[in-house]
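The following block contains the structure, expressed as structure tokens.
Residue numbering begins at 1 within each chain, and the chains themselves are lettered A, B, C, D and E in the order written.
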Amino acid sequence: MQNRRDFLKIAGLSALGITGANPVLDAFAAGGHDAEESVFRILKNEKALKAEQWAMVIDTRKFESEEALEPIVEACHKLHNVPDFGDPELIEENGDCAEANKRHEIKWIWEEEYGHAFPGKAGEFVNDRIKHLPFLVLCNHCEEPPCVRVCPTKATFKREDGIVLMDFHRCIGCRFCMAACPYGSRSFNFRDPRPFIKKEDRNPEFPTRMKGVVEKCNFCAERLAVGKEPACVEASDGAIAFGDLSDPESSVRELLKSNYTIRRKQGLGTGPAVYYIV
Amino acid sequence: MADDLAKPDELLSGIGHKPPKTGWMDTPVNIRKGMYCYASNPKSVDYLGLPNARQWNPMEEDWKLPENWKQILHEGFRERLDRFRSFKVFMDICVRCGACADKCHFFIGTGDPKNMPVLRAELLRSIYRNDFTLAGKLLGKVAGAREMTFDVLKEWWYYLFQCTECRRCSVFCPYGIDTAEITIMGRELLNLIGLNIDWIATPVANCYRTGNHLGIQPHAFKDMLDFFVEDVEDITGVNVEPQYNKKGADILFITPSGDVFADPGTYTCMGYLILFHYLKEKYGFDITWSTYASEGGNFGFFTSHETMKRLNSKMYAEAKRLGVKWILGGECGHMWRVINQYMDTMNGPADFMEVPVSPITGTKFENASGTKMVHIAEFTADLIKHGKLELDPSRNDNLKVTYHDSCNPSRGMGMLDEPRYVIQNACNHFYEMPANTIRENTFCCGSGAGLNAGEDMELRMTGGLPRANAVKYVHEKHGVNMLSCVCAVDRAALPALMEYWVPEVDVVGMTELVGNALILPGEKERETDLRGEPLPGMEEEE
Amino acid sequence: MNLKELLEKRKTAITKKWFDTVVETYPSDTSRFLKKQKDPFDNPVGSTTLQGVEGMFDELLGNMDQEVITSFLDPIIRIRAVQAFSASKATGFIFFLKAIIRESIKDEIRQNQTDELLSIESRIDELGLIAFDIYMSCRETLFRIKAEEEKKRTFSAFERAGLIKEI
Amino acid sequence: MANNKQIYDKGKVVAGLVIFVFIVLSPFLYNLGKAAPAPELKLTDKAKAAKECVLPKEEMKAGHMQLLDLWREKVVREASRVYVNTEGKEFAMSLSNTCLDCHSNKADFCDRCHNYASVSPYCWDCHIDNPKEISDAK
Amino acid sequence: MNSKYMFSLAAVIVLFLLAYIGVAGIGLYGFFGIFIPYAAAFIFAVGVVYRVVDWAQSPVPFRIPSTCGQQKSLPWIKPASFDNPACNGTVLIRMILEIVLFRSLFRNMRFHFNKGNKFSYEWEKWLWLGALAFHWAFFVVVIRHLRFFTEPVPVCIQWLESLDSFFRLEFFADFVQVGLPGVFISGIVLLAAVIYLLLRRMLIPQVNYVSLAADYFPLFLIIAIAVSGIMMRYFTKVDIVGIKEFTMGLVTFHPKIPEGVGSVFYIHIFFVSVLLAYFPFSKLMHLAGIFMSPTRNLANNSRVKRHVNPWNYPVKVHTYEEYEDDFREKMIEAGLPVEKELTTNGG
């Protein structure tokens, strides 16, 4: 797609079922004026981090309590303008009821207990430490994402670097993806989220969402594009590692080699890209 | 149709390679035997004072037209555009969407494309565009215009007399364009240059003179009713002698003369006599027949508005002369369209009469408060509803009856449920035909609007095919053997149609069924129905 | 496979072609209407013809029961007898079937089956004759109806008595 | 008759025609006496200083929606974030961070034309309209 | 090929070339942008009024409604009030049903035999659906265009616009680039419906047979209008604000040619102008005609109320006196009462 004018013409022509060059349409596109051919280019940022399959390794040993997770969650949610429907101040301000708001909760990354996060592995007699350990869960950016398969508009898609991404523009709010995701990683905006983002916390560089779209963790695609690691990794103080799964030299591969790791609901065959060291 | 019988080999190899068809404008008319009615008798035309009375034959090249026939038509056309908004609007607004195309019984039966209502109207529209519109004058054929020629005239004559003015197409037209209206105008135009058919012109002349289509003179009219009185007395043992031309009677009764002279209408006529006698005996009902206004039908309607008015005038004139309170009308189709839509406007106001009130039930017929004329089906239905008639429907038990809605009462008046109510109370076995062939969707008998002649039998049979086909369906499904109707033209036309397509089915008028079922005071045990056929259960005693 | 079985198998195709050639005896616009319109009340001609050709074809390969054949053939001829066809055109469609059959089996037919073919063709001839009979009886009915109607209308008795006077 | 023409059913016909004429004239009547000039856009100081937008002004005027559509497609789906225009100048393809950075006066810039042309794009439902000063000016 | 529609197609192509050469070639912006639209609007308005007045100058002498249901007669029989209206109120409803919902076309239904000689109804309403879609879409498109002719744009028009662009076209995101601007469904329905009506006219034998060149021309013209409009909105972008400046100039009588608006815009308004100017001279007058059709806009009450025929004139009739004079002798003989007895010098 090198030439904007060509692009326009082709779009127009193919929509009309006309083929072949047509001087008349040239004139249309030029708006009746002669314009010299102009060329634009679209590039990737040179600093952008690249991978074949991004993956994350979370060292659960380094999180002793829920409190230890909080800064990580906050870093993510603030960065991505994730609303907080549980904030008492905002509830007051909007004249809402806390109970009702619970159902509207939006989360990208959050804490889950072992039994819920790994239902297949939770026997009756589990190691006590593990049983009460807070697990950090988020979208697994699966290798075979079921949510992508069910999306009717391809609003959810898998990028070349393995990130399962939401195109909020295209989402029509059908929520098939939520039904398909076995990890509950997706949240639906039952209402306009903006009133539940503190004004002073709003990040203008990242869009909010509108009522009627689904959202979830994006592996900080916007940060990778400018050469930064995901926010949670940055905030984890080394407890979370991030890297290319297909690169044998990468930090994640190192960690996987040297530690015993588990993944959530592995038996479903979705190929989660988030690993947990226990 | 296909001009040469193609050899099967040619047909097989030629499928998909048919020669380019000609547009309708380029397909000349081919007048065929059996599809048209004879030209009118000059004596009749002359008697009525209509133009260009002469002997002529549509099969001959020379139609003996006046020199300036094109001019006469052009001026007549203009005059009618000025007089009838309907005509003018219908000439202009058709979009040829084709909704009407397959609704016409003549198209369905004959397969002639020019019998599609839209095309029948286009025959006139093409001339209209040429003569009266800017687009037609400038663009000619592209705008669908063409010049009046003798070939076009032949087309007009042929196809305007292949329309029974039944209005079925109008029901489906998104603008209500009524081919009947266009045919009426077209026939008026043809009449201006003396192109009429005898089956219309002679009844009109007769009606004008003697008061009825057949030319039955007053004494003969009475004689014929006397025969029926005798017949009824034979069957019931009761003398049902009616009153004639009685001044000061409460009500005047007018029915089509078809009921007086042709089977099976005559049995309907006997039904009237029985009904009126019953009401007279029981309730002192005072009704009179008239020999002057002895025709309800009005073939003037098929000639021109003016002729219609001339014939129709007798009804009010006679009512006024006799000083009756209101008029009761018998079973007839186009008679009722004329009464409903034209009579009061043409020959009214009928302020010398009273708003019709049934002297028996006290029902005030509000819907006839202007015209002062009540339909016998409305009148009888009201009697039955109030329990004023003693009916023994089992006397009609050998009949399995279906009901044919006549075009005019259904689409020019909307009388659908009254006759059904009467019939269903007069007989026990009643079956409806399929829904797209009855009520406002009813199919024409194929012989209306003056086409009930003998010489156009093929036209009548093809035009009546859709109707007969639906009758055949109920005949095969329910064993229906009697087709009832409230129209004299139906009673005249349907027997022939049935005899050809469904010979097992006979035709009956509504009041004949009532006459059979009605228990007259002092009657003897009836052994036969009004037709002299044994009643159910009486067969062995024959 | 004998010829009858072969034709049995081809029934749908043959009767369809036969039906098409019959309705193509109408003007081309009409014939397309007759083929397409499925409502038996809005299209009695087409639906009668379709039912008739299928029924007759069965009889042709079956018992040639005169009564059954008439029940299928009569409605078609009855219609054609009042439409603007000459006698030959009204009944001639029966013989189209010969060519259609020959065309349909020309690749399969073997030498020893010509007898069978000829016998079927003579059955078709028989159909044609029945058709002609029906045609004639329809026309006779038509003329009888005309005559009777005339009689009813003139009410001869009254006329004789001088009770009716035409102008 | 032909000589002295009159309108029959005058009441209804005239009423109908008046309604018709009124409908036909309604756009003219609606704007009667109004000048209704095209909106004048205010540029922020930053925009004025920049002088040039991503594309020439004319092209932006007619086709900015298509440019944005192209951008969002490229950014979200292909992870390409840099746009080099014909002059060779680079832009981050971001409505929030590039366009609205310069045109931070939504009410005086975007809305004026959009209201005038009666289009209501939903961009601002998500993209915070003034990234520089976090205001919730609606 | 059918010459009737080839002719109409050629006419539309010629119109296209006229506008294209006129604008892009010769630069007659003022002519095509200002003179033609004003002239067309004038011809349309005056032409329609003229035609309606022309119709209205013919009276409706008789009440001839097509009655499509039970009349109002006896109190216990249920009348079909809307199909057989007895008063002006129900006539109004009948007209509304006809004009807004195309009730008459909706009547189309068919039977067909299932196996075993059982018949059933078939839904035969494609013409109704196509016509309804076409007219309603056209109506919405026209109303929507008022945004170019009003400032400020009335709320109801904005509301209609948002309703019209409600349908999310993201489903087709893989095939067409439709993200921005929002897609107006009415434009697409209009184009689809008009193409359906055209195909129907070409392919259904009866309709094809009765069609004239004058039936194809407006269809091709409307297709051209819709295509040029859709082109501008989605493909070859035009400066909307510039166009609105121009259209506002037209409606405030300060016409000014905008800068840099592509020729497709001029082609679009030229087609629209041709349609407007053609309107009063063509079958498109059915728009007004449907209000004037005596078979639909009258109550079936002529037995209740006398209607006057303005040109009713006396006709020659055969009076009772003449009749009795003809037959007096025979009437007396038959015992029928007469007005005048026989005189000695004979009747």
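Heads up, the rule we're going with is that contacts are C-beta pairs under 8 Å (C-beta built on N, C-alpha and C of every residue); 3 or more make two chains touch, one makes a residue touch a chain.
From a predicted model like this one, the values you see are computed outputs, not experimental measurements.
Number of steps on the shortest path from subunit B to subunit E, with steps defined by chain touch: 1. Number of steps on the shortest path from subunit B to subunit C, with steps defined by chain touch: 1.
Of all chains shown, E has the CA centroid lying nearest to the centroid of every protein CA atom. For subunit A, the chain with the farthest CA centroid is B. Across the structure, the highest number of inter-chain C-beta contacts is found for B-E.
If you average the CA atoms of subunit A and of subunit D, the two centres end up 32 Å from each other. Separating the CA-averaged centres of subunit C and subunit E is a span of 44 Å. Per-chain Cα centroids separate subunit A from subunit B by 79 Å. Within subunit A, residues 8, 31, 169 each touch two or more of the remaining chains.
Within subunit D, residues 1, 8, 58, 62, 66, 72 each touch two or more of the remaining chains. Those residues of subunit E in touch with two or more other chains are numbered 56-60, 110-111, 119, 177, 179, 206, 209, 237-238, 260, 311. Listing the residues of subunit B that touch subunit E in their complex gives 21, 23-24, 49, 81-90, 92-99, 101-102, 113, 116, 118-119, 122, 133-135, 142-144, 167, 170-178, 181, 208-211, 217-219, 222-223, 244-247, 291-292, 305-306, 309-310, 313-314, 317-318, 321, 339-342, 344-346, 348-349, 363, 365-371, 373, 378, 381-382, 385, 410-418, 421, 434-436, 439-441.
Interface residues of subunit C, counted against subunit B in their complex, comprise 17, 20-21, 24-31, 33-34, 37, 39-45, 48, 78-79, 82-85, 88-89, 92, 95-96, 98-100, 103, 138, 141-142, 145-146, 149-150, 152-153, 155, 158, 163-167.
On the subunit A side of its complex with subunit D, the touching residues are 4, 7-8, 31, 38-45, 48, 157, 159-161, 165, 167-169, 194, 199-200, 202, 204-210, 221, 225-226. Note for the complex: subunit E touches subunit B at residues 4, 7, 51, 54-64, 66-74, 76-80, 83-84, 86, 98, 102, 104-105, 107-111, 119, 121, 127, 131, 204, 206-207, 209-215, 281-283, 285-286, 289-290, 292-296, 300, 302-309, 311-312, 315-320, 323-324, 326-327, 330-331, 333-337. Every residue of subunit E that touches subunit D in the complex is listed here, in rising order: 41, 44-45, 48-49, 52-53, 56-60, 146-147, 149-154, 157-158, 161-162, 177, 179-182, 237-242, 244-245, 248, 251-253, 260, 288, 291, 310-311.
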